[in-house]
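Some structures are shown below for you to check.
Here come two complexes built around subunit A, the first alongside subunit B, the second alongside subunit C.
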Partner chain A sequence: MSEEDANPNAKDANPSSSEALVGSDLFGRWEQLRGREGTVVGLTAIFVAVFPWLFARAPVVSDFLQGYQSLATLILIWGIFAIGFDLLLGYTGLLSFGHAAFWGGAAYASGIVAKNISGDPIVMVVSGTLFAILLAWLLGFLSLRRGGIYFSILTLAFAQMMYFMAASPLAFLTNGENGLTGVDVGNLFGVIHLEADIPSIGGMLLGTWLYAFVGFIFVAAVAVAYRILNSPYGMVFRAIRENEQRAEFVGLNVWRYKLMAFIISGAFAGIAGSLFTIHGAYVPLQSLFWTESGDIVVMTVLGGAGSMFGPVLGVGVYLYIENIVSTVQALTIPFTDIVLIKDFGFYWHLLLGIVFVAVVWVVPDGLWGIIGRVRTFVSDRMGGER
Partner chain B sequence: MARDTKPLNRRDVLKATGVAGLAGLAGCTGGGGGDGDGNGGGDGEDYPSLGNYPIEGDTATFGFNVPQSGPYASEGEDELRAYQLAVKHLNEGGGWVDSQFDDLSGDGVVGYTIDYVDGDTATDADQARQSASGMIQRDNAIMISGGSSSAVAIAVQGLCQNEKVMFMACLTHSNDTTGKDCVRYSFREMFNAYMTGQALAPVVKEAYGEGLKFYQLYADYSWGQTQQASMNQFMTDVAGWEQVESVATPLGTTDYSTYLSEAQSSGADVLILNHYGLDGANSIQQAVDAGINEDMEIIVPLYNRPMAEAAGGAIENVYGTLAWDSQIDNAPSKEFTEAFQSEYDRVPSGPAQVAYAQTLQYAAAVERAGTFYPPEVIKQLEDYEYDNIGMGSEVMRGCDHQAQRDVPVVKGLPGSEQESGKYYEIVNITSRDDLGYACDAGPAAECELGSYE
Partner chain C sequence: MSILSDIILILLNGLQQGAIYVLLAVGLSIILGTLKFVNFAHGALYLIGTYAGVFIALNISLSNGKLFEWGFTTFGLDLGFFAALVLVPILVFVVGLLMERFVARPFYDRPDTDQILVTFGLAIVVQELFRILFGSNSLPFDQPETILSFGSFAGIPVSGPVALPIVGNFPQWRLYVIGITAVLVALVYIMVEYTDFGLVVRAGTRDAEMVRLLGIKITRPYIVVFGIGAALAGVAGVVGGPLNVVNPTIGTNILVPAFLTVVIGGVGSIAGAVVGGIVFGLTTAALVSLAPAWSQVGLYAIAAIVLLTRPQGILGDEEVAP
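So, the complex of A and B:
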């Protein structure tokens, strides 16, 4: 892991920024700044700060979006999960179909710790994440013996084993099908009640302390992921994705790098899973089910595997359709009362399927790919003017 | 509480500017429309804000969280019909509002018009919670009702306890709902696995005799486990039978033939199938196809109509219990069946009756309390005695929020005698005096309800 700490000065790792011209005009400046870690983290922080307000409380916008606070929190939690998953799928080229094991495993671990030892949110996150790391090390060690589809199947099998363990033999610990109830989340630093609103302007923007807590970890996760990906270590991940054999011939211990990618990815899933427990004060058994592993694959691909923020966008779209579009009673033409489709929300699965197929078909690099294309278009235009 | 300031801010301004006016207005409608219990503007000012209380405007929103997709979709559909009917009756009168519930006026509840939102649980605890939290935070629902699976009900009632929003459980049969996972903010009308065992044991003892051996299959999750444990307890203690073996089958099994052939060769006289929903329909159908019903008696502890529909003639002479049935002969049952039929042109199912009853029960408690303030409503429901929903005289016990009520025991009809809405005959309605357990015994011993506020 030591390489991780190496200074990530490989800014030209971003292919589009290398061809962007270094001009004195504003656009050139922006192109220059865009790839910098500070810019990325800063913009993420700004986004995190205004998102719940725009989503749940802003006039007009939130009325249109129909969002609510707890969904904003949930989107960030899944966002952390997706960033970690994308490290593995998008950057290292390994399709794990068993990430529910880390997400759900960490959720259970932190929930059980909260019930039996300490409900301190930080203790919960740390213990859940540690559990996920150890589990990822073990499962990675076993699954990475095989590549391609066999790897996916192995991860799926291990995750399903966990599911059945939690459903029945370990029911005394996990409360089985009913899910882990009675999780008491304590106060942050012993004083801050997470469900409480933040006073004054902070409360208007962020809402609850819980969101602030999750948002802080989200920004940190983005910073860490960005650093890893732009370090030499991350370059090796991409090299493995492009051609495993060549990477091996260069003298890299491919297996070890793959295992580390798997563990890092598991750690992100673990952080997210622990936050999920804190968010709900409950762990559903479904958090270990294979559909959860499927969801994260769909979210990541929908948003754009292999990009930093694509998966987060994918999470947002997916959860939005699942939780908000599904409650729309009738689809009307905006600003009129003309009903296009009755019981529109009922078809949300279908809608999600159509969106997914359309995205994979039209923009294989995901929704984030659209943004990339728009940017290229604009930068060509700007370049042309000069 | 967290909920109050967040979703409101935009409307809060409105409210702050015209708080006096609004309160006065609410008072007028309350006094005029209600039965006087509301006592005018008292509502809203006497109690601190808690959960989604106080309600803004003059419309109170209920959240109906039912399975609209997945294996229990047809049950959920019927529940939703009953909920819609209940809301209609609360606002416009009709059904039990006119005849059975003296507390209700048929002109809203304590001066508020009732509206509702519905959501899809997909029989998935996680999605059900998401759906419920949307109802609570975005739609400001004052009460949530629904469920068709115990895992869902337990997950949602836990959320409701945290959010301080009331939950009126619909179909949930696990001992845990009002046992170790019970909460202050939830009330259950439906009986549980424990009571099913108690109700069935004397009936099957009389039908099949004493000293028999029985073999159990059960769905391998918490409902199945508590169900088989309760059956074992009462078949042994009450009927004097002996268990040969109890075998777990994975949830969602489609092929039961290996399990069934083992049961067949075990030498037992009775086969108890602790399966529900599609699993139940599959296992009983396959048991009959394998000819097990010729040399063994079959018991399905918990029936429901979609299950009976799917199993068809296979349920002939099979004993079980169910929530309620339209054939039950008393005034409330008949009135509900009529009202439901005239609205939807179909016979209501057991879960539909529970859904309808729970909604009106909540509304009546609000009327008695004179406010939507949850702790007051809870106190009105705790240890409340009633005899108006067609299941004899009942009490909603205060120590575990479990209704103490009669349990109908039914026997499946042969395929030739079945028709839509009629799949079984009622053989006994086991009185509540022969059922249940004390507050410090059985599942209730593990129940800690939590706080009012």
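So, the complex of A and C:
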């Protein structure tokens, strides 16, 4: 069971539990708090604030993790993408293999806007996201006519069409195979240079203004997604996932909700795609290719589809393995020089593939599901009377 | 003269291009139609077929990848192309049997999305294994000069141009690809339509539970169907390898068009897969010579149009489609 499914229960937890023992009382209070939107958003903000410091600059921890600032930014950007994707896959039960169209499409749209109209980061994000929403509306309208595997294949086909459009017929706009180079990202609010470090304590924690900008949008995205998913509207998404026919019989317009879920998910992908352009000042043609759609599927499922933060965890694990584990020369037993596997980093993609297959096979609710089970185990021990 | 020869050239090239799609699509389609199993690892079987083909037919020198680092400088048995054409399908058939038994069977009762996910993951694993062993570079896989040459017998020449009426010279190998595909697909068609085995398979496609209730062990035909589908992908790898590049990404790259071929043709229909493959092949060939920039876009546009106007596929049967 995913964590969110438990939340409604956690909110109106039995008040008599407060009369229980002191130890379990604290735990019960936490159980009540953790379901609240304020808590979720607050904890996300705290996480975003300390993450780059822990990852890239903190003593001991960062030495062990070998992280760096730019990767922290990238993880949050893909995290936004994954939250949006999970809204569709995990909550509505639709597996799209074409989300690269929104990610890459928005990346191109914001890049083209930056080159031709304005390099203002906010203008870039807004235009990229608008483009993704319009595209998601169109593609969703076409793909959602078919369910099941046909939906997956249709989205895949449309996204590949976008890829090949960008590759040659539209090369005058997209610069074809070379990708969109020379994107000039302007200053935020006209004064803040995004690549610059934040002065004083903020700089120690967050690092660059770019990270702060991305982090702010990430927290906002979490808040919006949490609000949607815990609203009656989000409940309908889950109803459709569980039993589409029954939802239809109850009188819900399933088609409209599915289309809306697709568009919302496309909008998240669009925000992330635009930020990706701002982050790299470059749009690779690869960003529209279907392997990119595959990557977001792998990340989401690896972390745990159907939970709020599982996909973000999946993004972290994936990008960490892709960017840092892949540089490891040899896997040694910790604190010794005994080499277990030579050229360990070379095998990173194979490692990811094997882990992914194992997760799909054994724990369909992903790494977050494992954490959730450990949590349930502990809470059963702590607050037995719950 | 020139317009007619252009048209015939497009037709021939289209058929040859379509032949590879047909081989892959027939396998995918019978697996999807009969077993209701979505195999995103079908491209991986094509990949295995191609590399096995290189291994059996040729003896190439390696320059890259872990095999080279481990001291293997050459790779291959050098048995000739015909041997590859016979042995590779057998090998990939066995791979298919193992895959049905150990991957597909545990997933029959799970949702479509789980099947897609696990086979997609498997495709990544296979692709990465080949990348690690052979490096990311392309391997040389030349079109065979002759087949069936042994001892003093020079063999049947299959390479080089052949003079055709109207169009003039045409690469002979491409005609062989079309021929091999036609023969194999006809064999599968006869097996499914006119044998007792095929009867059970077709009955299982309609209503597997009923077949089981009638006392027929459906697991055996199922595993054979999976094996045949895999073997066809292996053949596609052998005959298609020399026409395209050979590197670890070919499996995932060919998967998307192959799947679209199945879907536009109609799931579970062999004739549909053939029609779908030919439509794709002709579209690609026509666009390559008329509007090269749009050649790939056209493929997907056609797929989208067919799916939106006739969702069950050109020759699809609404009852069979999952």
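Assume the second predicted complex is superposed on the first by the 358 of 386 C-alpha atoms of A that agree within 3 Å, B and C clash if a C-alpha of one lies under 4 Å from a C-alpha of the other, contacts with A are read in each partner's own complex, and residues count from 1 in each chain.
Operating definition for what follows: a residue touches a chain if its C-beta (ideal position, glycine included) is under 8 Å from a C-beta of that chain, and two chains touch if they have at least 3 such contacts.
Not measured: the values here are computed from a predicted model.
Student: Looking at the overlay, does A:L259 come into contact with subunit B only (first), subunit C only (second), both, or neither?
Tutor: The answer is neither, since A:L259 touches no partner chain.
Student: Contact-wise, after the overlay, does A:V41 reach subunit B, subunit C, both or neither (first, second, both, neither)?
Tutor: After superposing on A, A:V41 lies clear of both subunit B and subunit C.
Student: Check whether A:I371 is in contact with subunit B, with subunit C, with both or with neither, and answer first, second, both or neither.
Tutor: neither
Student: Considering only the touch criterion stated at the top, classify A:A281 as touching first (subunit B), second (subunit C), both, or neither.
Tutor: Only subunit B; A:A281 stays clear of subunit C.
Student: After lining up the shared chain so the two structures overlap, which partner does A:S168 touch, if you call subunit B first and subunit C second: first, second, both or neither?
Tutor: both
Student: Touching A:L65, do we find subunit B (first), subunit C (second), both, or neither?
Tutor: Neither partner.
Student: So, A:G203: does it touch subunit B (first), subunit C (second), both, or neither?
Tutor: Touch status of A:G203: first partner only.
Student: Once the structures are superposed on A, label A:L350 by its partner contacts, choosing first (subunit B), second (subunit C), both or neither.
Tutor: second
Student: Could you say whether A:V123 touches subunit B, subunit C, both of them, or neither, answering first, second, both or neither?
Tutor: The answer is neither, since A:V123 touches no partner chain.
Student: Using the superposition on chain A as set up above, list the residues of subunit A that contact both subunit B and subunit C.
Tutor: The overlap between the subunit B and subunit C interfaces on subunit A comprises residues 164, 167-168, 171, 346, 349.
Student: For subunit A, which residues count as touching subunit B in their complex?
Tutor: It is residues 56-57, 59, 66-71, 74, 164, 167-168, 171, 175-179, 181-182, 195-197, 203-204, 207-208, 280-282, 284-287, 322-324, 326-327, 345-346, 349 of subunit A that touch subunit B.
Student: Going by the contact rule set out above, which residues of subunit A touch subunit C in the complex?
Tutor: 89, 93, 95, 97, 142, 145-146, 148-150, 152-154, 156-158, 160-161, 164-165, 167-169, 171, 290-291, 294, 297-298, 301, 346-347, 349-350, 352-354, 356-357, 360-361, 364
Student: What part of subunit B is in contact with subunit A in the complex they form?
Tutor: 1-2, 5-7, 9-10, 68-69, 117, 119-120, 124-127, 129-131, 133-134, 137-138, 150-151, 154-155, 158-159, 162, 174, 176, 181, 220-223, 225, 248, 250-251
Student: Inside the complex, what are the residues of subunit C that reach subunit A?
Tutor: 38, 106, 112-114, 116-118, 120-122, 124-125, 128-129, 131-132, 252, 256, 259-260, 263, 292-294, 296-297, 300-301, 303-304, 307-308, 311, 322
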